[in-house]
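For clarity, chains are labelled A, B, C and D in written order, and residue numbers in each chain start from 1.
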């Protein structure tokens, strides 16, 4: 009956809640999103190209710069891929420490997520609470490897250093603190009426649709698909750990929230098991002096806090750098779902959805 | 001469200055309270415990560059912050801070004026404040402010209905539109209207949050969605005026809530005789304490709750608050008629 | 004396802003002048001692209705190219005729008012209430009950119409 | 076309000797080493079904470090993918990655386009590999796995592989007006800085003239 114009709203790349330099071009009918074009690449540094010109060890610190809120996970993923190429057996102690670091990293990453996600929806206090606890994890990492953000904390074949004395005790202390803090976040959000109204039924995606869209990690599990690389294709010491994979039912923003909140607890459980059962022994396996994997290619995936983090690496067997280095960034593939998720919702929901996909632009753009 | 000109002028000067100082310190209070809620310290550098922070803020805002976007509607862009600030200050003319007191051998009322349609005056002047936000959004010639101003105007108009309806039930109780008479009515009926009209009180408070654009209804300036909303394009002192207007409005809402529902300057429980020893406390102290309580709750809510979505806010306003306010009004009317 | 000065000042402002409302090019400015106009009309009411009416004038017209005008004006893009102003459907003669008719009507009322003074139907003596708020209420529910009810019916119809128009699928 | 499940030596990829077309520098690898599976290893169950359903779909099977790789002819990619997604014992519903590798001197075509597939139901993986010439288009698999949308855009952006039937074939990481395809092996790692940013075409010309000078 009426001739109405659609409003084109350019959200980002400079916008408080696009988590970095994401740009979303929204076509709006009133405040309703008709279509969304997600534009990325503002943080592209050519890590894949760079890696083809660095030697195998130097690449570890490039991987730090991808998902910079979960650098240790990236390190583990890369080192395991190279170990797979070279068929290096990693000692058990190193595997356990890797598991601890990965799970601490997952907690730190989820802390950042819960803080920013809640902030996007307007609950500012959770942000500061979550960062308070993330600080404790960063302290642990600082003690382990000297860095707080980009750790460079792995070596091919094992670890650069053994854990400092007393570190395991501190990790257990942290676990005790964190347990109570998770309840605190949940108290502020989980049963909050406004939180429920803002997240329930927002961005619903069914399990098969999520699989088809290539979602992985919590966004996929929120839709009820029990896919977790840690369980399905165990790496590090996950095959020796007892933990559950939480799944949602509705596949909406609230379920993705619940899944991550439960992952906090499961991660703590793994950290406890690994720290208490930490075996003695060497920390580096038998690694040749010159790292030069045989010719061949392989794909190896691990479960990063964001989803399936895969490395596809081709070695030509001749040179000391990879012939092709490819990362399957979980944030990239999850962000792809944003367009589908936000159609028909309001501008305010777009912000909530970006938060619930938990993307890190450093990883999306590489 | 003194009674008709000097004293009112003096009162205006005092109230205006006190308000402006209170507004700047509200900013500090908010930062402090939220900081404590978030287990941090808040401003600590300027003066002991950051007590001089508002002064520093004011200096900073005044010497900042005042940017007018090239394609903005210049006159309207300049007028908008003023339009939002002035009504917020005019309202203080009818707010009764206390009854008559003797000062320097002279009978002085602790309010600037008491007009017989005081409450209506507040509502109507406050309704003009919407223009500041709408015009800011329009004049900036930018999409985020435009969206924000549309949200703001829709929000303010809808919640005004609910708030005004609750005011009507108070007016029915008091039988007057004058702010002073409403307090006196609470005194003579020996009851705060918060207890006589709990529903109206709740609706008024929620509506007050929405009308001052405070969390959880701060859609028009939702930073995470609209990058600051209607004042996205503003800077320097013009931005500060919007900022101050918001806090001035908070104080207005708190004062009105105090006057209408918490007995204004009356001591707690005016119906309980043995508490009469509290009378030694000056009446205006009670008023300020009660207003402060509201302000504190405003800040507390901001630190705790997430933000509503725009359509949910409208739904709450139209489908919950307005019907409830009307029902409350009808019940009040029936009770009033039956008791008479 | 002071009252007379105030009256003429306010009246001059009202007329001045009214002219600006129709003469300004920018529609948003035009609406803003309308708001100013309403504010001065409210001032006139205060001068007459009708504070209630003044407050209602601001609340309803300035604070409510014109906001909606502004809404519409802001959203509908009225910046048309200049050639659009030479609208072929424009009926200049008809406009002048209508304006003339209004002028004649106003003149007639003015002359009638001057020639037949003191026909003021003030039922003040019959009113059992005092104070202008109460008096307005009394008049609305006694002498003007039927017009009042008709007006509210009209508003209800308008509201339903607006909902039907705005809602795309019912 | 071979149809026996345990593949013997295949005429493609690894079997081909280094193409003499234009070999720029020494020690440039000419192709991946796709080793055939050991004779005593049984191939995965879905392979036989795939070869029965889509004859000629598997040009070569390779197994290394626990990963199965199928080399698929470009023309049969869509059918193969369709079968792999819908086949009961394949059920590869999750396309976890699409990427490419550049082998400039190779005769059969310079690109390997690689699809990493995973089945969320059966929890197994497989890699598909398509060998592609520089100007040769490839059918997009977005109709089968919507997940491939952005991944294929990235392959296009980085390697210049032209996907046909892609709903939205634009550059994704690089700017819209970028010249060249950065992940190709002949794309330089370092550019001359500002000239490249401001006027890439001039820069390319400059580089060509330099190369010319080198040859002479």
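In this text, contacts are C-beta pairs under 8 Å (C-beta built on N, C-alpha and C of every residue); 3 or more make two chains touch, one makes a residue touch a chain.
Just so it is clear, the structure is predicted and the values come from calculations on it, not from any experiment.
Common partners of subunit A and subunit D, by the touch rule above, are absent. Relative to the whole-protein C-alpha centroid, the nearest chain centroid is that of A. Looking at contacts between chains, the pair that accounts for the most C-beta pairs is A-D. Rounded to a whole number, the gap between the C-alpha centres of subunit A and subunit B is 44 angstrom. Chain centres here are Cα means. That of subunit B falls 30 Å from that of subunit C. The distance from the centre of subunit A to the centre of subunit C, each centre being the mean of the chain's C-alpha atoms, comes to 62 Å. For subunit B, the set of residues that touch two or more other chains is empty. Shared interface positions of subunit D, i.e. residues touching 2 or more other chains, are not present. Interface of subunit A with subunit D (complex): residues 40-41, 44, 46, 48-50, 53, 84-85, 87, 208, 211-214, 216, 225, 227, 232-233, 295-299, 301, 308, 310, 312, 314, 316-319, 323-324, 326, 328, 332-333, 335-336, 365-366. Contacts from subunit B toward subunit A in the complex involve residues 34, 37-40, 143-144, 147, 151, 215-216, 218-219, 222-227, 302-312. Remark: subunit D residues 27, 29, 32-33, 35, 64-65, 67, 69, 93-97, 99, 101-102, 114, 116, 120, 123, 125, 127, 145-151, 154, 158, 171-175, 182-183, 187, 189 touch subunit A in the complex. Those residues of subunit A whose C-beta lies close enough to touch subunit B in the complex are 7, 9-10, 15-17, 31, 118-125, 128-129, 132, 188-189, 192, 194-195, 197-198, 346-349, 351. Residues of subunit C touching subunit B in their complex: 26, 28-29, 32, 35, 39, 51-52, 55-59, 62-64, 67-68, 70-71, 74-75, 131, 133.
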